[in-house]
Each structure stands twice: as structure tokens, then as C-alpha cells.
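Each chain gets a letter, A, B and C, in the order it is written, and its residues are counted from 1.
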Amino acid sequence: MSRYGYLPGLSEGISRREFIKLLTIAAATMGLPVGFVKKLEAAVKSPMRPPVIWLHFQECTGCTESLLRASNPALAKLILDIISLDYHETLMAAAGKQAEDVLYHMINKYEGKFICVVEGSIPTKDNGIYCQIGGKKAIDILNDVGNKASAIVAIGYCASFGGVQSVDPNPTGASGVLQVMKDKPVINVPGCPPNPYNILATLLYVLTFKKIPELDKYNRPKFAYGRRIHDHCPRRAHFDAGRFAKEFGDEGHRQGWCLYQLGCKGPVTYANCPTTQFNDVGVWPIGIGHPCIGCTQPKVGFFLPVKFKVKPQEAVPPEQFPPITVKQGKVTVAGVAAASAAVGAALGAAGVIATRLPDKREVDHEGKTKES
Amino acid sequence: MLQETKFEVMRGRIVTKTFLFFAFFVILMVIFLTIRFTEGLGAVTNLSNGYPWGIWIAYDVVVGSALGCGGYALAILIYILNKREFSPLIRSALLTSALGYTMAGFSVIIDLGRYWNTYGFFIPARWNTSSVLFEVAVCIMAYTLILWVELTPVIADKTGWDKKKIEKIVMVAAVLGLILPTLHQSSLGSIHLISLGKLHPLWHSGFLPLYFLSSVILMGYAVTAAESLISSYYFKRPYETHLLKRLSIYMVYIGIGWVIMRFLELLLWGKIKLVFTSGFLSIMFWIEILLFVFPSVMLWQKRHELTPRKIFVYSIIYLFAGALYRFNVYLIAWNPGNNWVYFPSFMETMITIGIVSFEFVIYLVFVKTFPVFPAKEV
Amino acid sequence: MKGKPKNPERRKFLKKGAAIAVGAALLPKSLNASYKGPIDEWYAMLYDATKCIGCKSCTVACKRVNHLPPELGRDGIHDMAIDLSARTKTIIKLYKSKDGSKSSFVKRQCMHCVHPACVSACPVSAMQKDKKTGIVFWDRNRCIGCRYCMVSCPFEIPKFEWDKAIPHIVKCDMCKDTYLKEKGTTACADVCPTGAIIFGKRYELLYEAKKRVKKYPQRYYPRVYGEKDAGGTSVFYLAPKGISFQDLGFPKLKESPARISETIQHGIYEIVVPPFLTVGALYLVLKRSEKEE
């Protein structure tokens, strides 16, 4: 299917049934009704699909790897297929000058039409010399490619918000795409790695509707990142009842209680992990007993220690009720001591003065007798 | 006025050990006050939503201003009852009053949560004449000013201002100085009329203003007597025993009258059973009554052989009686219900101590700068 | 009289005293007359404890609408206020009898009294009662933070922000500037899933409350709290049968505490002060005639 043929026959193994199933899941992720599946199908099958340039910078390639090694290979096939992938350093057969030539040929030919997918953060410190491909700095490559793209999709936490390498002291000045490309439409699909369905849904959305989906303040598609993990967490009942795992492997942990006290960032992290889950078998971090690390939330994932407890921001009703009268107010030992000392000192001073005052009647204003 | 009596400046260094002792607490107060004004009232006090008023109100304002009523009580004697012989005491009494009231005003500013809005007292549209506190606040503000005006002759003695001009203003001030404390000291009792159901019925009654007013006059005499004796001792001056003896008799009259009023009210309003059935508060009630009765009985019995020491001891007991009564009304017998508890915190108490120390510091400086005490030679 | 030495200063003094006292008596007695607004038309709420299921939607809605931060309980996580506070304008409390056989929820918030003690107490008119709607509200531009409103309120409603350098007094104002303005009702009444709390005009709700008590004597404690209690309130309460309002934490008050305070305070101005003035004036006249003689 691919124009240059380095990704031969990836979609050949997908049955129609599987194909529709995947599209349906993608539609559900986007919150679209079933009727839209047909529209999505048409967009995918359209021969006029825009090409995609997939750039890699400072990263571990985990996003691509997790995508390729999805338990349902059809998903990866579909993603790689529908997007007419024309440049992907991990997947393409070409190398060296040949590959770079292809890149520049493509961006000039499809200027303003192709989609640029970015994986990995961009070093900005010291003029960005810390990541270079073929002698070219990452920031220059992004500027060259990104400025000619119709839209940029930042995949993963690194490309979206700078990633683990942007945590203090941030030696390379790692930045997300949004911080570098200020005047291009950027869609962030954060996650470490992001859910493949979110990638699929985002790309399908752009392809089908020829526009950028509704984004939140961090440029994440609202359909996938609109709600908190906490709000849809299957362990939420335990949170509300105050049942918490205190240590990994303790009784509460084995009972599947809330992981908040282990440092779960669910209460402040916006993502659809609890509902979409990973690997098609219903697993995800909290599901297997690990607290959410907040990998879709800027300044949360990697920035906060895993054990750090975040503060829930909204008023949440607890199960308990206060009684009509409750004992309230403070009595401190130091306070009692100070007050007693003050009263004691006053009494003592009065006593001392009293003993020094004369107990004789004759002492008078006229000064007949001097004071003793 | 008061030309007959000569007054003189105390001699001696200003910075003494006593001065430094009190100054230490003042510095401590300043540190704690910094916390109060940056972190809020909760950071230094144990005040709570149940007990919005603590010792800053009960002691610094209510007891503090009562202790500052020496000038008022003496003025009643001198101007209304025409007992001119007490005029040698007036200057030091006025000074204590002025300091007491100034510090009470200072405590109020510390205690007010939104002190920057106090200018509202000068905007008639905001006046709420139904509010007892409004009257108290306006009267106390005016009275503090008046006390300092009344003290201007003292300063004029030193600076040599034209005394004739000052005298006229001081005269008007003295008249107001009689009316205003009558109003606001009784109103300090009326404040808790509205605490119906919160203040224990042994203390809550329509006569609260009367009890507060009469006991404040008693406290005024007691504080004048005690202060006169202490300063005579401290500055090595002759004792004014013959005046204080007569003051003591007035104290006995008021003290006994006050106790009779309390019991009459409890009897007539059918609350007399409560003096035995209120548990801890019954005990507080009896301590309070005893503190009024005991010195009265003792002073009356020994009225012909009063010595400086006896007068001092019984005056101090009267002061504790009046203070306990005020504490009972403002804190101990005042219960918001709902199981609230309150006891002042360390910093809260230290600020109160700091305010009292501040008063001492200014007093020491003032009497060594201006002629306050009657001259030794008459 | 004759034998006593005359003291010209004292006479001057008394004269001026009388002049000032007469001047004071001519001041307006009270600027704040008692409320004679359209009491029946005032906004009101009715809380029916027999309908409340304790879901706390009202608390959450109140916090959302009025932008109040959560009051974290001992676990540091849940919004678990144990009482009304500067962060909680309304709260659901639970009454349990000692043997545990009887229980009832109760919602607490400002009662919006007909004759509010807080309004009477506030020295600078920062607590006010809207004459048209009957809502008791707080004016941040006037408040001096003296907390006399907290001392005076028989229901312990106004709360203070103890942890702030610039504190506010916080109390329910029937969503005056928020929900009521947009939706014409209070947030708590709007979200209540069982209709345990309803919003309306005072006379309508009083009628409704009395009707319920009369119709279901087996269900209700035979009285409506707030009709006359504490001088009348704009928030009415119905309790389940067998549980009194005192059990639910309401004080037994026949009249507003403000009434006794105002009566005596004005009494001092009006009854005690004039005789003194008269005696003073008479004394002056006598003195003068004596002098003329």
C-alpha cells in the first residue's frame, strides 16, 4: 500500500471483521456514534490519504515499540497502514543519505498537506546540539519539517511535555513540541507510552473530519484526555470508603484497595486509561496494582516522586457523617503553662509587694514615718 | 484646675532592671504579633469558631479597661461628690487609665480580623445603633482620646504651654470623661445580653450593665489604692494612707451592695437553685462572690486600724474579684454549646503579657519625664 | 446648703455636663428600626429530615457553586467537615439516639432569621438583612472582623477564616450572587434528589410544612421549627416523629436574642438617661437661683 513499498503488505492480514472492530473501538474512543464507522472506513480507504512523516528525537522509541508489539497486531497494521507512512526511522528500510533524501523530497512535494508525527523531546540548550541526525540538529529538523506540515501530532510524554529528560536539572534543555513550535497546530497525545487506540483515534479524526479535534489547555484531544483517571477508576469505591493499600504487597494491596497512599496520581491525571485500557486484555497500571504515575499530565509524571501523594482538588463527599455535637477547640500545655505562670506571677508580685508594705498605722501622707 | 496640689517629676534613670525586664516581654510580643499579622489569628491563638473571643477580649479589653477606670472612679469622687481631698491621686490615676485604655484599644486592633475597615466607625451610614459593640467602640475611642486630653496639664507643666487655654478644653474633656465610661463600662456587660442561651443563667440577666458598672467603680478605687501604694513604695515616697482609708470604705459599700444585688436578682427571678446545681459553674460563682465578700468584711472590721499593707491586699482581692466576674461572663460561663473548648495558647498569653509589660514600660518612662506624683512638701 | 464652701469650678463643670447630656439626648434614638419588610414574601427554605437520605449532594453543590475549598478530614483526602466552618456553608449531620434505635439526618446552614442577632450585633452594619428577599448577608467592605456576629448568633452560623491574614466571615447567603442570580433557586435545593430541601417564599413553605405535619402525624414531630423559634426564621425544619429539634442540635429560643439586648440597650438610652438629665438640669436651676439670691 505504501507509496515506496518499505512497509509491504502490513494490512494484508486484517480481516474485514477485525478491521471494522478496530474502527468501532476508535469511534468509541472518540465518542462518536456507530454510524460514523462507515465514514471512518471511507477515510481510511481513500487513496488520497495524506502522507505522514514520523520524526524521532530524544526518546527511547518505546512509543513505537509498544505500538508494534500490541497484542493485537492488526491495530499496529491499521495505524501504520492508514497513515501512508513515508518516513519512520525505526521501520523504514532505507538508511543514511537515501533516507534523508526521501524526507526532504516528501516535505517539499506535500508541503502543507502531510501530517508530522513527533516522538521524543527536542533539546534546546546550547543551540540544541545534544541530538543530531545526519549532522542536523533536532530542532532544525523539526523546524524544517514541522513548518511545512499541515498539523503536528506529538506522540508520548517526551514529545508532548519534554519527558523524563526534562526533569530538573534538565541538562539538555529537553522541551515538548509545543514549546518549540509555537505557531503550528500541535496535538499532544501524551502517555508513556500513549494508548495505541488514542493514536489511532486522533489520526482517524484528522483524516476523517479534516480538522483538529477539540483540545484541552494542554492541547490534548478532549475525547481521550477529558476526564480524570480518578473519576473512572475501578478502585474508586475503596477510596471513598477510606480503604487504602499502605505498602506494596500488604493485605490492602492484595485485596485490591485504593493505591492513593502508594502515590497514585489518578486524582490529578487526565486520561482514559481506566476505560480504554491496554493490550486488549483489560490491563493497565492501576489494574495490575501499580499506582498511576501521571504520564499524561504535565509536571506530574516523572516530576513528582512515585510515592508523593497528590491533593484531590474537588470537594468529595465521604461516607461518614459528623454527629450533631463534636468536641472542637484546642487546649495546649504551653498555653496552660503560660497562663498559669502569668496569674502566678501577678499573685506573687502582689504578695511580694504586700510583704514590703508597712503594716503600721502611723505611716502617713505627711511623711511622719519613713517607709521600712 | 487642681492648682492647689503641687506635682513633681520622679528622679532616676529610665533604663533600669525593671524596665529591661518588661521590655523583654514587649519584644517577644512584637515577634508574635508579626506572626499574627502575616499568618492570621489562628496561627497564634486558640480561638475557634465556637469561641471567637478569647483572653484578648476578656482580659486585655474588658478587664484591662476596668483596671483603667481609676481615673473615672476618682473623678466621680472629686467632681460629683465634691471630695477635693482626693485630687493628689488624680494624675497618677489618669495616667494609669490612659495607659489602660490605650492598651485596650491596641488589643482590639490586634484582635480585629479586618482592622483596616475600622474607619467605618466614622461613616454615619454604617452606624448600627442597635449594636452594643458600636456604642462600646465609639465610647472607648472617644474616652481614650479624652484621657490623654485630661493629661495635657501634666505635659504642659513640663513644656510650659499656656495652661489657661488648655484648662477650658480639659474641663469639657473631664465632663465627657464622666459620661463616656458610665455608658461603655455598663455596655461591656450589655454586650452579652445577646448571648441568650450561651451565657449561663447565673450570669445572664438584664442587670448585666448595672453589675458591670458598679463593679468597675469598685475596681477603679481598688486600682487607684493599689497603684498609689505601689508607686509610693517603688519611688520611696510617703504613703497616702489617710486618703486610702476613706477610699476603702467606699469600696466596702459598693462590694457589699453588688453582692446583695446579685442575690436579690437570683431570688426574684427564681434562679437561686442554680447556685448549687450548676456543677463547676456553681463553684466559680461562689469563688466570685467570696472574692467580693471577704475583702469587704475584712476592710469593714478593721476600718479603724487600716495599714498600707492591709489596704493593698484587700484592694488586690477586689481586683481579682472584678476580673474573675468579667472572665466568668466572657469566657468561663459563656458556652456556645456543641462541646467547644477554649484555653488561650502560649503565644496568645505571651501577647497579653507583652501588652501589660508595654503599659509598665510607658508608665515608667512617663512618670520619670512628667510631673505625675504629688510633691513631697505640701 | 449655705454652710458648704462654694466651688466655682465644680459648678462650671456640672453646667457643662448638663449641656453635653442634653445634647446627647437630642441625638436620634435608633437609626435601625425593626424590620417591617414583606416577611411573607421573603425567600425561604424547608428542610424535611424524613426525606433526607444523607447523600451530601447539597454540600458538594454548595461548595461548587460558591467556590469553597474542600475541608480535608483527618485522612487528609476527603472533604470531611465535622461542622460548619469557613470552608463549609452547609453540612449534613447525623443524629443517633443513645441506644441507636432512632436516627435522622439534619442539614445545617444559616437560618436567615426574621430578627437576626448578627445583624443587630454588627457595629458597622456589615451583616445586613435584605429588606426585599430577607436574605442575611455579609458585606466584606464594611466588616472589621470583630466577630460579635459569631458571639451573638444562637445557631452558631457565621464562621471566621482563622488561617488567613485577610480573613472573611463565611455564611450561607442563599447563593445570592451565584446560583440564585442565575437559576432563581439555591444550589442545595436544586440538586437535592429527594426534595428534602425546597426553596420558595416564606408563607408558601410555612403553609406546606404545616400541611405535611397535619397530614402525616405518624411521620413528623408535631411542630415546625422556625415559625416562631428565635423570633422566626426563613429556614424551616421538619423532624421525624420521636426526635425533637433539640436532639437535632437546635436551641430552644422563644424570641430573638436581639430583642432583649436591643430593649435593654435602648432602655438605658431612653429610660435611665433622661431622669439623670432632669435631675442634673434641676440642680443647675437650683444653683443658679441660689446664686441670684
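The rule we apply is simple: a contact is a pair of C-beta atoms (placed from the backbone, for glycine too) under 8 Å apart; a residue touches a chain by one contact, two chains touch by 3 or more.
Just so we're clear, the structure is a prediction, and the values are computed from it rather than from any experiment.
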Chain-touch separation of chain A and chain B, in steps, is 1
Using mean Cα positions, find the chain sitting nearest the overall protein centre.
C
If you tally C-beta pairs in contact for every chain pair, which pair wins? Let me know.
B-C
Where centres are the averaged C-alpha coordinates, which chain has the largest centre distance to chain C?
A
Can you check how far apart chain A and chain B are, centre to centre, with Cα atoms defining each centre and the answer in Å?
64
Let me have the rounded angstrom distance from the C-alpha centre of chain B over to the C-alpha centre of chain C, please.
31
Can you give the whole-Å distance between the Cα centres of chain A and chain C?
49
Identify all positions of chain C at which a residue touches two or more other chains, and write them in rising order.
83, 249
Contacts with 2+ other chains: residues of chain B:
48-50, 337-338
Can you tell me which residues of chain A touch two or more of the remaining chains?
325-326, 328
Can you list the residues on chain C that touch chain B in the complex?
7, 9-10, 12-14, 16-17, 20-21, 24, 28-32, 83-86, 117, 119-126, 140-148, 150-152, 154, 156, 159-167, 169, 249, 251-253, 257-258, 260-262, 264-266, 268
For the chain C and chain A complex, residues of the former touching the latter:
54-57, 59-60, 63-64, 68-70, 73, 75-83, 91-96, 105-106, 247-249
Taking the complex as given, what residues does chain A use to touch chain C?
239-240, 242, 260, 309, 312-318, 320-326, 328
Residue set of chain B touching chain C in the complex reads 1, 37-43, 45, 47-50, 52-53, 79, 82, 84, 111-115, 117-118, 120-121, 125-135, 137, 171-172, 174-176, 178-179, 183, 186-187, 190-198, 206, 209, 336-338
Per the touch rule, the chain A residues reaching chain B in their complex are 325-332, 334-339, 342, 350, 353-361, 363-367, 370-371
